[in-house]
């Protein structure tokens, strides 16, 4: 049974319908990438899974449990973590405090979890007393991912982790995603950078006009000329 | 921020950048103080009494800070200007009076003018008012948050609350001013160089400092304190991180309301109890908070001392009742040149 | 019907005529005014005939105060109702208007009076010039406060207006040379007061003869007609303005739809215009108040009477609706006066609880009115008469 299942979900903001029937699954230990043109509803899918938006129809299941519309603070305890696309750090808190907030729901010492994050991102270990708001875009992305990893999630959700980063940093962030995944965390990400993200994904979904149009193994989607022409801008 | 270093600035923009810089505000405040000293000299006020006023301003700054930190914390976490904060201080001060009247009266704890009852009253009233303000929040502001009301509706509800609290004070205690210890002598002692203060005032400053250090430690060291700062920084991300927002709100009111009660009681001990005292303090409180950047606890602290000192020193040469006017003037200067305050990021 | 009752009826007919003409949907307008004049006079005559003199003069002074508050409430409606500006220092503009009009219209005290009463000036100008000056100075004050605060978050304006209200009150309390503070400034002239005495020399004889039966204590009947006219004019001008492109722009500013249609400079200008116009109206309200009171001092303009009640009036009546603003003033002033009776009736019960309580009756009313505001904010934020939706075509485009 897959870890996360999104079934026939319809939803939107206020009166405006954005998702018109989305279906997707993420298996244990999988990297799944959602790609598609702007305004397709990619970020909306993420917000919906994370309880920031309620489904009008359809259901979301996580680890065998119906989580449709469940509040974020409960989802966190079930093993779901989410890194929003923008404003994904606490700018006036230090790196270390940002990580502390990631582990807010745990009681007791967080040292072990923090050490693991510092191992993954040695750069953060050097700057643990620095305020997150004063860091570069790449470093902020590391803080954001680090915060989300504090609770040992079963599924890490990343909303456009490479947005606004220099190409070198994009590669670094993607490497980290693979590294996290190797440690046993399933990853669901939304990406503008379709080629790179599909290349490392086990499976991919192409989302357009609020529905998933095509899906399949990442490599295969990349090689599909139809997909490339229609949705990936050549 | 990078605009400052850009070489292609026109002279007009350069002047504008200069006028809106933090340094300029410091210069401005310095000039205001210098102007005071000159005006006082012209009026023949001795350097000694100016120094006294400075010291008294610092003492006043301590009590103002207790109120201002509460205003700024509530603003930071809940994004609302709490115009009921001054009247919360009044209410706390009068609750203290109630406790003191109920308790059997002990002798003054020399050299102070108050007895054990005042200290006990502080211990009882501070947490009580903290809880009380949280209760009011749940009854009044929470429904507004749930409805996503405009910020200004919160301010209006706070205004209604302010008048409601004050009417309770009027109903239960009457409109006249009073003291915690009516008729008890409060002699001043010489501190240094002819500066005379009452021992009570040193106690007030000392307690204010202790409370503020306590809040500092809470915000910096404890989990809930960090969660409060995180919520202030980015409420959405705080929720996504699993922070229990209502718990953060509870603590915000416990601290904000509790400090308001402490500030009210200390101010009343120093000056007098009066139903309007909190309303009159609202202006200096907000002046302090705006000067130190809305939402910044350390800024509010600094702002409170600046406002306290400016307020007291102005009385060297103008009618002391215009202290509010001076606080207002400082606020308007800040709003004119640097509305984001001393500790805000310039835009 | 005695000549006295006839004179009173004629004066009371003015407010009744204006109310009726605003409510009647008749066309053309000359017919409407004819009919409402007839109805107004009929009602006034009936009232003067059937209601005993004491009751009638109570009702008259009630209408007077409520109408003055209605002017203030209309001023606030321009600022808050149409543009969303949070002014909690109405008392500042109210007080400035009252004192300005007083200083413009009184005579400079002479002789022995000069030692008791100090004032900046006493120009001895007519009433309407006093009102104009009141509006002007209040508008200038608004401009001065608006300059540093209107471009910022709304809370800054709120706190700045609280501050200016306190400072204005302090100035009139402490500055003897300005307006005799803290003593009252006395002897503010009342327009057309000559009608209650020997007659006004500039009026034709038959008018003087008609009103000759009025004694000085009947003056409120004259003033209620004057205040009603000022209120009506203010209302009509605002209704016109609010339906004009200017009014539409103000609402756009409030709804923050502005960014699409206009640039930041325009938004700032509209906010300033609205703030100043509202303050001018409040200043005129202050002037009306001063001439009714004859003697005023700083204590009249405290945050409760000067600001808070007016807020409750507008919120209850319906922000964004001029009729609501006026209705709210009457309803809240009615509640305020009515609760005074209620508290009086409760005196024995209060005295049984504590001997100090009966004297604190007014504060029970304050508690009640605060709870009323909280109730409105929480459960009826639109008030009794919600804002009318002004349909404009360009709205669909946004």
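So that you can tell them apart, the chains are marked A, B and C in the order they are listed, and the count of residues begins at 1 in each.
The criterion applied here is as follows: contacts are C-beta pairs under 8 Å (C-beta built on N, C-alpha and C of every residue); 3 or more make two chains touch, one makes a residue touch a chain.
Note that the structure is a prediction, hence the values are computed from the model and not measured.
S.K.: Counting C-beta pairs in contact, which comes out ahead: B-C or A-B?
M.R.: B-C
S.K.: From the centre of subunit B, which chain's CA centre is farthest?
M.R.: A
S.K.: Give, as an integer number of Å, the spacing between the C-alpha centres of subunit C and subunit A.
M.R.: Distance between chain centres: 59 Å.
S.K.: In angstrom, rounded to a whole number, how far apart do the mean CA points of subunit A and subunit B lie?
M.R.: 43
S.K.: Quick one: report the Å distance separating subunit B from subunit C, using the average Cα coordinate of each chain.
M.R.: Centres of subunit B and subunit C (C-alpha means) sit 35 Å apart.
S.K.: Quick check: in the complex, which residue numbers of subunit C touch subunit B?
M.R.: Listed in rising order, the residues of subunit C that touch subunit B are 84, 86, 88, 147-149, 152-156, 158-160, 162-164, 166-167, 170, 173-174, 303-304, 308, 311, 315, 356-357, 359-360, 363-364, 366-367, 369-371, 373-374, 377-378, 381.
S.K.: Would you mind writing out the residues of subunit B in touch with subunit A in their complex?
M.R.: For this pair, the touching residues of subunit B are 223, 226-227, 229-230, 232-234, 236-244.
S.K.: Could you list, by residue number, the parts of subunit B that touch subunit C in their complex?
M.R.: 81, 83, 140, 143-144, 149-153, 155-157, 159-161, 163-164, 166-168, 170-171, 174-175, 279-280, 282-283, 286-287, 290, 294, 319, 321-322, 324-325, 327-328, 331-332, 335-336, 339
S.K.: Inside the complex, what are the residues of subunit A that reach subunit B?
M.R.: Against subunit B, subunit A makes touches at 50, 52, 71-73, 76-77, 82, 84, 87-93, 97, 100-102, 104-105, 147, 151.
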